[in-house]
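Naming follows writing order (A, B, C and D), and every chain is counted from residue 1.
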Amino acid sequence: MTFFFQIVIDAVSLGSLYALTALGIGLLFGILRLINFAHGNFITIGAYALIVPSTAVVATPFIGAWAWFLMIPAIIAIVIVVALGTERIAFRPLRGANMSSLLIASFAVSYVLDHVIILIFTGRPKAVNVGAELARHISFLDLRVPAIQLVTIAAAIILLGGLALFLKRTSYGIQMRAAAEDFDTARLLGVRANTVIALAFAISGLLAAVVSLIFITQTGILSFRMSLNLVIVAFISTVIGGIGSLVGAAAGGFLVGVASVVLQTVLPDDYKLTRDAFVFGFVVLVLIFRPDGLIVTRAVRERV
Amino acid sequence: MSEAAQTAVKDDTERLETNAVSVHFEGLAALEDLSLSLGKNEVFGLIGPNGSGKTTFVNVVTGFQKPTRGTVLLGGLDVTGWSAHRIGRRGLARTFQAVRLFRELTVIENLEIAAVGMGLGRRQAEKRAFEILAWMAFAHKAYDQADTLPYGEERRVGIGRALATAPRFVLLDEPAAGLTDAECDELMQLISRIPKDFGCGVLLIEHNMRVIMGVCQRIHVIESGKTITEGTPDEIQSNPEVIRAYLGTKSEKRRA
Amino acid sequence: MIRSVLLASGLAVALCIGGLVATPKASADEPIVIGQALDFSNWMLTYDGQPQRGMEIAVEDVNAGDLIAAEELGLTEVNEAKGVLGGRKLELIKCDTKADREQGAKCGAEMVQGGAKFAAFSCDYDMGGPAALQYAAAGIVGVSVCGSDPKIGVQGIGPTIFTMSTAANAQGYVLAEWAYKQKGWRNAYSLLDNSIEYDKSLCIGFDERWEEMAGAKLLGKDVFKQDDPSISAQITAYKAISPEPDVMMICSYIPGGASALRQIRAAGIETPVLTSESFAGQFWFDSVPGLANYYHGTHGNVFSPENFTADEKEFLDKYQAKYGEMPPSSHVYLGYSMVQAYVKALQQAGTDEPMEIVKAMETFNDVALLIGPTTWTADTHIQNRRPWTFFEAQGDGKLSFIEKFRAEKAWDIGQLKAWD
Amino acid sequence: MGSVGPLEKQLRRYWPLLSLAAILFVIVLVVDATGDVLLQRTVADGLIKLIIVVGIYVFMGNSGVLSFGSIVYMMVGAYAAAWMTLLPNLKKFTLPGLPDFLINTQLDPLPALILAGLVAAVVALVVALAIMRTNPIAISIATFAVLAGGYTVYNNWERVTLGTSSIIGLPMYVNMWICFYWALIVMGIAFFYQISRFGLALRASREDPVAAQAFGINIYVQRVIAFTLSGFIVGIAGVLHGHFLGILTVAAFWVPLTFITLAMLVVGGQNSLAGAVVGVVVITAATEVFRQLEKGAEIGSLVLQFPLGIQEIILGVIMLLIMMFRPAGIMGGREIPWPFGRPKPPRAAVTESVEAVEAAKPRAGD
C-alpha cells in the first residue's frame, strides 16, 4: 500500500512538472500557433543564471548563493526578461507568419541561445546546489517523500489556480482566452494583440522560471541540453490535451507524466527500455481517434 | 463553339432534387422540409433574406453538411450524406461566396484542378481548361496567379473552375456579391449561356434581384428555412408574401 | 528572385574559394603531423577536451626534448634530438567536430588531407566512428582518445585503429573485482542509464563478473534515461529491495548521472555507490552536497596530490603552468600517453609509415606510459586489464586516492572476433 | 508574339527542373575541378541533405502540412540498406535478430538502395494511412510522435539495429557524383509529381481544402500518396547517408537533423522545389564559409577569425532574419522563372476567346 502511494506521488509530481512546462508552451501555441522550442532555453537560462558566467570547469554559485526570497524573484525576473526579449526581437516581426515559419524561427532562436550558453559557459555540464533541503525526503505516515515533489505539486496547483483566476477574472485574462480560442476574431473585437502576446510570453517566462528552479533543485546539474526532452514531452502533451485549451495542456502534461511513471513501474525489465515508445504510441492513437485532443476548443474547427 | 459544349448531352430527364430536407442545430431548425427540383436546361434561382437558411442548404446539397432528415437526389441517385468530393465527382460543381480560388496557383491551374478532380489526366485537363477560358473570353489571363486578379475576375474564374468539371449541375453561391453593375451584366450574360452551351443546370443563390430576375427561369423563395413559394420571375415579383418577406424589407438590395 | 539565385550562386562560389587549401607534402625534414579530429566546442568537450590538452603538452615536450618518462620508454635519444626520428618535430593539426557525425567524417578527411599519418578521434564510438573510418580508409593510424567500446579497433573499424582507453566491459570487470575483493561487498544492485553504448557495456561487464564470483549476488537492476527529469519511480522500486544491497553500481555519465545520484542521496539512500570513468572526476560534486560513501574508479590520479607519482607530478606541473588550473579529470593522461606511444612506435619502426607504426604498437606489452601499463596485440587494440585507480568521497567534497587495482581476470575480447 | 515551337514549349515546361539541375551541375563540376577532397565531402553531404529536403518538400510543400517526422523514414531506409549490404557473416553475429533471408543475402548497392527506399515508402504508407485523416495540426504532431516512437524502438532493438551502438562495415561507395545523380533523380521525381494531376490536386488542397473537396479531390488519398513518395525519397537519403559515412547510429536521426533540414526547406521557401534546393545550397554554403572563417581566413592583409562556436549564432541569426524579411522563404514559393518572357496561352484559345467576346457583344444589351 505504501508502495502504491509512493508511486502515486511520483506520478503526480512528474505529471505536475510536465504540466507546468506544457502550460508554458500551450499558452503560446494556442494564441500564436507558435511551437516555442525556445521555451526549453528559457528553462535552461533560468538555471544557468544561478552560476557565475565563466568557462571554468567548476561552477561558482551566483544568484544560486542568494537567499531564496531573493533568488526566486531574481530568476523569475531574468527569465521573463529573456522571454519578452525573444518576443520583441524575434517573434513580433513574424506576426501572422505560417506555422512552419514560426517553428523554424523558434528553432533558430533556440539554436542561437544554446550556442550563447556554450560560448559563455562551454558545453561542459556544471554543478549547482540549490534547495538542497527541498531535495531531502520528509516522512509522513509510512511515506518518505522528497519535499521537492510536494513543492512541485503545490507549485502546479498554485500556478494553475492562479492562472485560471487570472484568465477568468481579469480583463487581460479574458482577452487572452479569447485570443487563444480564435485570435483573428479576438482582434476584431478589440483585443490588443501586442499587449496580450507580450503578457503571454511573460507568463510563459514565469512558468519556465518555476520549472527551471524545480528542475535544478531536483537534478543539481546544468547542461545546455538539459531541457530538450522536457520540451518535447511538454509539446506532445499540449497536443494530447487539446490545442488552444490551457486546461487541456496542463491535463495532457499531467497524463504523460503519470503514464511515464506507471509504465516505468509496471513494464517488465526488457520493455522498460522502450517505455517512451509506448508513450508516443499512445499519443498517435489519441491523435487518430481524437485529432482535436482530449479537450476540444473552437480553435481547431475548420470553418466552411 | 467549344468542344465541351458540343458534346454535352442535353438530357433533360436528369434532375437535381431535394426532398423534404431538414437541418436542425441543437434543436433549432435551420431548414425545414425544403423540396425543390431543377432540370439541366434551366437557371433556377433560390432566394431568401439573410439567415433564411440558404448557406445551410448549399452545404447540404454539396455534401459539407449532413441533413437531419430528407434526401438529395442527383440525376436520380441518392447522394444524401455523401462526402463533398464524391458529390463533386458525381457531377455537381459549385462556386463559393468567398470565391476560394487556389490563390497561389495560376488561373489555368485553378481550372485544371477542377478537371483533374474529375479524373482527367493533366493534358486533357489543360485542354478543357483552355476551352472554358476561351468560352468565357479569359484566356489572355491564363497564366496570371489567382491572387493577383481583381475581385470581379476572381468570381469569373470561380465559375470557370466549376464549369471545368463538366458538371451536370452547377451551384452558384452569390456570384454577384460585390460586383459593379457592368460586371453584373457580364455575369448575367455568362450565366444565361451555361445551360445551353454546357447542358448543365444552374442553381443560382443570389441577393441581387436584378441578376435573379434577369437570368432565372424559375425562382424558389425561402424564409426561416421554409419554402414560401416558387414560380417564374413575374409570379415572384407579384407575390405579396415574397414582397413582405423579402423584397419589401430588402429593397435596398436592388442596386439596379 | 534573380537576386536570390545570384546570392545562392555567390555563396556557392565563395564556398569553393574558401575550400581551396594548400596540401602540405611530407619530407624527411618536415614535421611529423598528428591530427586531432575532436570536439572543441560542443558537449563532447567534456570528454575530448582533456586528452586534447594532454596531446598539446606532449607535442611541446617532444619538440623541446623534455618528454616525460623518456628513459623508461627507451626514448632518451628523442629528448636529446629534440624531435622524433633523429630530430623531426611534431606538429598538431586540429578540426572541430562539433559533436556532429558528418562534421566528424569531414574532419577525419581533413586530417588525412593535412598529411597526418597518425591522428586522434573522439571518445565515443558513434561520435568518433565517422572520423575513424576516414583514417581506416586512408590507411593511417587512428587512435581514439578515450573510446571504450571494444568495437573500436581491429574488430570494428579497421586494422589501423586503436584506442587509448580500457574496454567498458573490462572496466565493469575491474570495478566488480575491486568491490568484491577490496571492499568485501556481496550484494550488488546496478542502475543503468541506457542512453549510450558505453554505459550498457559497463553494466554488462560488471553484472557478468559479479555473478561469476562466489557468494556474490545481484539483487536487482533498473534502467533510467540520461535526460529523465526525475528517477523517483526507480528510487521507489529500489527501496522495496530487501535486504538493502551493499553496493549500487551506477552506469551513467554527467549530467544525468549526477542528477540520479543527487536524487538517490536525497531519498536517504546511503548505500555505497560505485561509478566508472564517465563520471569524470569531481567537478560536479556541488550537485550532491555532502556526497559520502562514493567510490569512483578511473584511469589515473589527478585529484590527490599526496599520491601523485613522480611522472604524474611532472606532468601536472606542466599542465598548471600552461593552463593555469588543474585538469578536472584523468582523461588528460590519455592524450599525453597517446603521443608517448606514437613516439615510441616511431623510434621502434624507424619510419612514419602507418603499417609499420601499427606493427610496432602491436608489440607493446605493458609499456609504462603515463596513463599506466599499456598492451596492444594484433587482435586487441584496446586495453582489457590496465590497472584502475580507485577513489572515494566521504562527505568532504573531494575524491581521495585509495589505490591502484588490477583485475585478475581480463575481459575476453575474443567475443568480438566475429566482427572480422 | 511569334510562334512557340514545340521544343521551346517543352523547355519552358521543364525549366524549373532544368535550371536547378544546371545550377547544381555547375557547383559539382567546379568543386570536382578543384580536386579538393574536403570540399567534395562538403558538397556530397549537402547533396544528401538536399535529397532529404526535397523528400520533405514533396509532402510538406505540396500539402502545406508541416511534417516533423520525416527523418524516421531516413532511418528506416538507412537501416534497411545496412541489413541488405552488410556481410552475411557479420550480420549473423552482430544482428542475430534479423530473419534468415536477410542474414543470408548481400545485395549490390543499387538494388539495395532502391529496395531500402521502398521499405521506407511502405512504412510511410502505413503511417500515412493511419494519420492522414485528421486535421493538419494533428497530422504534424502525429508525424513527430511517430519519429519519437520509431527512434525509441530502433534505439532499443539491439538484435536488429545494435541499439545505441553503431553499425559499421557498410560499403562506402557513395561520393559526390553519386549524390549528385541521386539528387537529380529525386528532383526529377519531385518535379514530375508536382506537375502531375496528383501534385496539382494536393497543392489545391493546400490552397483551399474546402474548395478542393468540392472539386472532387480526396485530400486524404492525395496526402497519403505524397507522404509515401516523400518517405521513399527520404529513405534513399538515409541509404546514401549510411554508405557515405560508413557508420550508422540511431542517434543521428533525431531532432537536430529534423530541425536543420526543416530549416533549409523553410528558409528556401517551402512551397516550391526551387525553394527546397536554394535553401539547402544557401545554408550549406553559409555553414562552410563560417567554418572556414572559424579556422581563420586571410582577406588581403586582414585575417578574419571567428571565435569558436560563434558560427552557429550567426547562422541562427541569419535564419531568423530571412524568416522576418522573407516569411515565405528566399524563393517565396516560386520556381525559377523562364528567362524569356511569360508563357502564352495556346493561340486557338485566345482566338476563340476573342470570338466569344465578339459573339457576346450584341447580346449584352438583352
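As a convention for this text, a contact is a pair of C-beta atoms (placed from the backbone, for glycine too) under 8 Å apart; a residue touches a chain by one contact, two chains touch by 3 or more.
Just so it is clear, the structure is predicted and the values come from calculations on it, not from any experiment.
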{"item": "Leaving out chain C, the still-touching groups", "value": "one piece"}
{"item": "Chain whose averaged C-alpha position falls nearest the assembly-wide average", "value": "D"}
{"item": "Whole-Å gap separating chain B and chain C, where each centre is the average of the chain's CA atoms", "value": "75"}
{"item": "Computed distance of Cα centres, chain C from chain A, in Å", "value": "36"}
{"item": "Computed distance of Cα centres, chain B from chain A, in Å", "value": "50"}
{"item": "Between chain B and chain D, centroid-to-centroid distance (C-alpha), Å", "value": "41"}
{"item": "In chain A, residues with contacts to at least two other chains", "value": "118, 228, 273, 276, 304"}
{"item": "Sequence positions of chain B contacting 2 or more other chains", "value": "64"}
{"item": "Residues of chain C touching at least two other chains", "value": "41, 194"}
{"item": "Complex contact set, residues of chain C against chain D", "value": "1, 4-5, 7-9, 11-16, 18-21, 40-41, 96, 100-102, 105-106, 109-110, 112-113, 125-126, 129-130, 133, 137, 149, 151, 156-157, 194-197, 200, 418-419"}
{"item": "Chain D-facing residues of chain A, complex", "value": "33, 90, 93-94, 97-101, 103-105, 107-109, 111-112, 114-116, 118-119, 228, 232, 235-236, 239, 243, 273-277, 280-281, 283-284, 287-288, 291-293, 300, 302, 304"}
{"item": "Residue ranges of chain C in contact with chain A within the complex", "value": "39, 41-46, 49, 99, 194, 221-223, 225, 227-230, 232-234, 236-237, 239-240, 254-255, 258-259, 262-263, 266-268, 283-289, 325, 328"}
{"item": "Residues of chain A that touch chain C when the two form their complex", "value": "3, 6-7, 9-11, 13-14, 17, 56-59, 61, 118, 122-129, 132, 135-137, 144, 146, 148-149, 215, 218-226, 228-230, 261, 264-265, 269, 272-273, 276"}
{"item": "Chain C-facing residues of chain D, complex", "value": "23, 26-27, 30-31, 34, 36-39, 41-42, 45, 89-90, 92-94, 156, 163-166, 168-169, 172, 244-247, 249, 251-252, 256, 278, 281-282, 284-286, 288-289, 292, 294, 297, 308-309, 330-332, 334, 336-337"}
